[in-house]
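Naming follows writing order (A, B, C and D), and every chain is counted from residue 1.
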Amino acid sequence: MGLAGSGLCVYPAEGDREMIKAVGVAKDYRVGLRALNDVCIDITKGEFVFIVGPSGSGKSTFLKLITKEEDPSAGEIHVAGKNLARLPRWRVPFLRRNVGCVFQDFKLLPNKTVFQNVAFGLQVIGKPKGVISQQVPQILELVGLGEKLTRYPDELSGGEQQRVSIARAFVNRPLILLADEPTGNLDPATSVGIMRLLDRINRTSTTVVMATHDHAIVDSMRRRVIELEDGEVVRDQTRGIYGVGT
Amino acid sequence: MRIRYFLAETVNNLRRNALMAIAATSTVAISLLLLGGVQILGMIVGNITDGWEARIEISGYLRSNATSGEVRDLEADLAQMPEVEEVIYVSERQALEEYRSDFEDDPALYEGLRVGDLPASLRIALTDARYTEEVATRIEGAPGLDDVEFGGGLVRRLLQVNSLLRSITFVLSVILMVAAAALIANTIRLGIYARRDEIGIMKLVGATNWFIRIPFMLEGLVAAFAGALIAVGIVAGANAVLFSRIGDAVPILSSAFSFSTEEMVTMLGALIGVGALVGLVGSAMAMRRFLEV
Amino acid sequence: MRIRYFLAETVNNLRRNALMAIAATSTVAISLLLLGGVQILGMIVGNITDGWEARIEISGYLRSNATSGEVRDLEADLAQMPEVEEVIYVSERQALEEYRSDFEDDPALYEGLRVGDLPASLRIALTDARYTEEVATRIEGAPGLDDVEFGGGLVRRLLQVNSLLRSITFVLSVILMVAAAALIANTIRLGIYARRDEIGIMKLVGATNWFIRIPFMLEGLVAAFAGALIAVGIVAGANAVLFSRIGDAVPILSSAFSFSTEEMVTMLGALIGVGALVGLVGSAMAMRRFLEV
Amino acid sequence: MGLAGSGLCVYPAEGDREMIKAVGVAKDYRVGLRALNDVCIDITKGEFVFIVGPSGSGKSTFLKLITKEEDPSAGEIHVAGKNLARLPRWRVPFLRRNVGCVFQDFKLLPNKTVFQNVAFGLQVIGKPKGVISQQVPQILELVGLGEKLTRYPDELSGGEQQRVSIARAFVNRPLILLADEPTGNLDPATSVGIMRLLDRINRTSTTVVMATHDHAIVDSMRRRVIELEDGEVVRDQTRGIYGVGT
């Protein structure tokens, strides 16, 4: 089963440092509606990876597979050495605590303030109140929202909501940070700030996978770039740029 | 720490979703009020039928020439029967007085009567109205006894009607219990449906099902409990204020509308219990399908 | 064109929000079922009290030596009184036969009786039970008449009880009407609350309030109508199947449980009307606050 | 009242061709929470205007004032010669039909398919079914969603949702097109396609106001650029670029 449709994959020996591994992964949302096709990707611990590709090429779908928001139709996904298909349902929340996620549509809780939204990421792992009331304002300060702790999401601008989502994703220092278009609603200056933050987080050996359309960022960081097109990996470059066509 | 989080969360959610909290509370209140109403109806029917049955007695009319020895023998005979609860001797004078007080509104009816016109009698109360016929035939024709009276076929019919009435109120309260539960569950389900996205987000951020579920269940519990308190308050108030008035205004109904404190407290306690339980379980059940993310 | 859009929209929404549609339909069904139940209870109480009152008659017992002239004069007198509906002459033989059939279960009670032991009488039915006392005193002591009997104080109390019972069922049905409306409105409000964002978006895209409101109102109407049909079906079914059985099983209740087709149809029609109205108006009202964008 | 806080404004004579006019506009979301301050902007018919500025500088707020989603706390907004403060409430839907809007958060109707979402923009103005079934697929083809007419919004990628929002905004050929970050979730190639479309629409004398962070686009189009900072207009350039600082 793990080999279905994976004829094109070359398997590296599974190492200790392997964080995310996709083997011959395909995803059909419905019959005949293929979002990913025969994707093989290995990401080692501490890597910083950009996923690029046109709109609808399967970037978000790939990230959703890593958090087990979706299950692959074929192939296997391993995260931190564990095959997600074999992960029992009650373990899924624990996986997600180790995989921080900045969602493309933010996914903030509408009935919680900025502070409470970010604190929620710590509350689920049972952090004591003292830690929360110290760390949350700190991280919100980092993303430039130090003044807006008591606002509700619908009282924020698009970019501010996006930054709350970013703060929530790494407030609990996850092993892996997935960021889906985290700068889509941010001006270049703020984007640079966020990228510095991601870079700093990455230096503490957190694995970062970021789907993006921002070629200025990709080009300036010169990190590994994986390009998807129509659900297939068409490029995997160690020190890549956004794209040849642009 | 967890507990403090859950409580804070519950309070926050109730405040931010006031509309839903109010809807749930008022639905619970209305549903339990209806349920309480049927319970009261059941209690009234119980009181009435009990009253009726208690009033079913056998009257053994004595010959005017019955000797006191005959009467004493008869009394002793009856007293030893297990079905007989009490035997009361009603003298000719007492019979006349009772008749007078029964018809005190119509002096014309008793004007011409004097002591001796109405016979003395033994009034026999039974442990259960079911034995009426049996006991009546057993003493019929005893020495000193002129005539034995009781409702006859009427008693049988009355007993039938009573048991029917009791079954009807029982069935009604079961139906209402189910209806109340369904109504409350519906409201809670809709309330949670309105917040399905929220539940999905919590799951994606790594919250376990129980971590998400508990505040929602506490919310359901608080809303349902508040609704139950309102319902109980109204029922208890109606009991204290209204029912005693009805009893005063229409004396014939006063026994039907008087409930012992104990049965009232049991009933109201049950209402609160049902409300809280449905709130708690309803929330948990309603969440199930939204927790599968 | 508009109409086609609204209908298509309604169907689409009902399909996409099946959970809400089901919740609304079942809430309406349950609420109206309860309302229908109380209506039926009211009809039963009405039948019983009407029955009781119809049975309140004045019996004028005739002397055994009354001449047929005296009897005819009395009959004529009575017939001309506006309060009197009907006067029936019951001969001594008829009286005995009635007595026998009343106590047919207890042959002992009538074994020794023969024609003449029970007096002949005039049985006087009144247009309204209220006039009982008045008429009774008016004819008292008329030539040929031995004794006039009627319930006396008992009649008065019965009338009191009846009017109390009628008011209670009326109050109950008003309370239930309000409760049903509140329950349905709650459900609809929650359903619309769950879709407040949708309403806001429609407004931002330039839809007028009516353009948004009509499909929601039609949805409410359809859901409520479906619920009302279910409730009516159950009530009508119970009427057809259950109530006639009760009447057969307990003959004393058969008159209480028999309703004319007309009153049944009126009641069921009213149920449907109330349901549909609450669905329509409830949706419109519930939307108001979400339309202010 | 119209003059409140407008000491800095210079009023041009009101002309026929004036489409959007903000006079001394301020917006306080709450007391002390000022999102716009003394904004004076005139946009004539057929103009193409970029609104730029850092995250939270008031771009979306300004657009919301034009559709009367929010009301200014001070100053006046005129659209097509009408003072919005004096517009009766029942006229607001008619204003909005003339002002197509691409929302930053898309605002698609979740219970309608892509086709139905776009069709809704025509249905509100009472267009007959024939017109709808002809124009909607056409415009969806233009934004590259010709194949996805029957999908529901939650079955689309972020960029695809954004394109549905774009299609809905101009399907009924509005007088004014407001676009709030319409390319935030789009790859550069698709963005270029969308910008060409906006340009074409603009050439049919539709006024286009676009809030954006995408400096590549702003720089390549060389149109009028209004820059906001902390709710104030700090630059208004006829043939501008994204910014001096970046």
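The rule is short, and it goes like this: contacts are C-beta pairs under 8 Å (C-beta built on N, C-alpha and C of every residue); 3 or more make two chains touch, one makes a residue touch a chain.
None of the values given here were measured: they were computed from a predicted structure.
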Remark   = Overlap of the chain B and chain C neighbour lists contains none
Key: Intercentroid distance (Cα basis), chain D paired with chain B, Å   = 67
Remark   = Note: chain D sits from chain C at a C-alpha centroid distance in Å of 62
Averaged-CA centre spacing for the pair chain D and chain A, given as whole angstrom = 30
Ask   = If each chain is a dot and touching chains are joined, what shape do you get: line, ring, star, complete or other?
value = ring
Note = Chains touch one another in the pairs A-B, A-D, B-C, C-D
Key: Contact footprint of chain A on chain B as seen in their complex   = 1-2, 4-5, 12-13, 16-17, 197-198, 201-209, 211, 293
Task = Would you tell me which residues of chain A are touching chain B in their complex?
result = 67, 69, 90, 93-97, 101, 103, 107-112, 116, 120-121, 123-126, 128-129, 168
Key: Contacting residues of chain A [partner chain D, same complex]   = 29, 52-56, 59-61, 104-105, 144, 155-160, 162-163, 180-181, 184-191, 213, 215-216, 242-243, 245-246
Query = Which residues of chain B touch chain C in their complex?
reply = 19-20, 23, 26-27, 30-31, 33-34, 37, 103-106, 108-109, 140, 152-153, 156-157, 160-161, 164, 172, 176, 179, 182-183, 186-187, 189-191, 193-194, 246, 249-250, 252-253
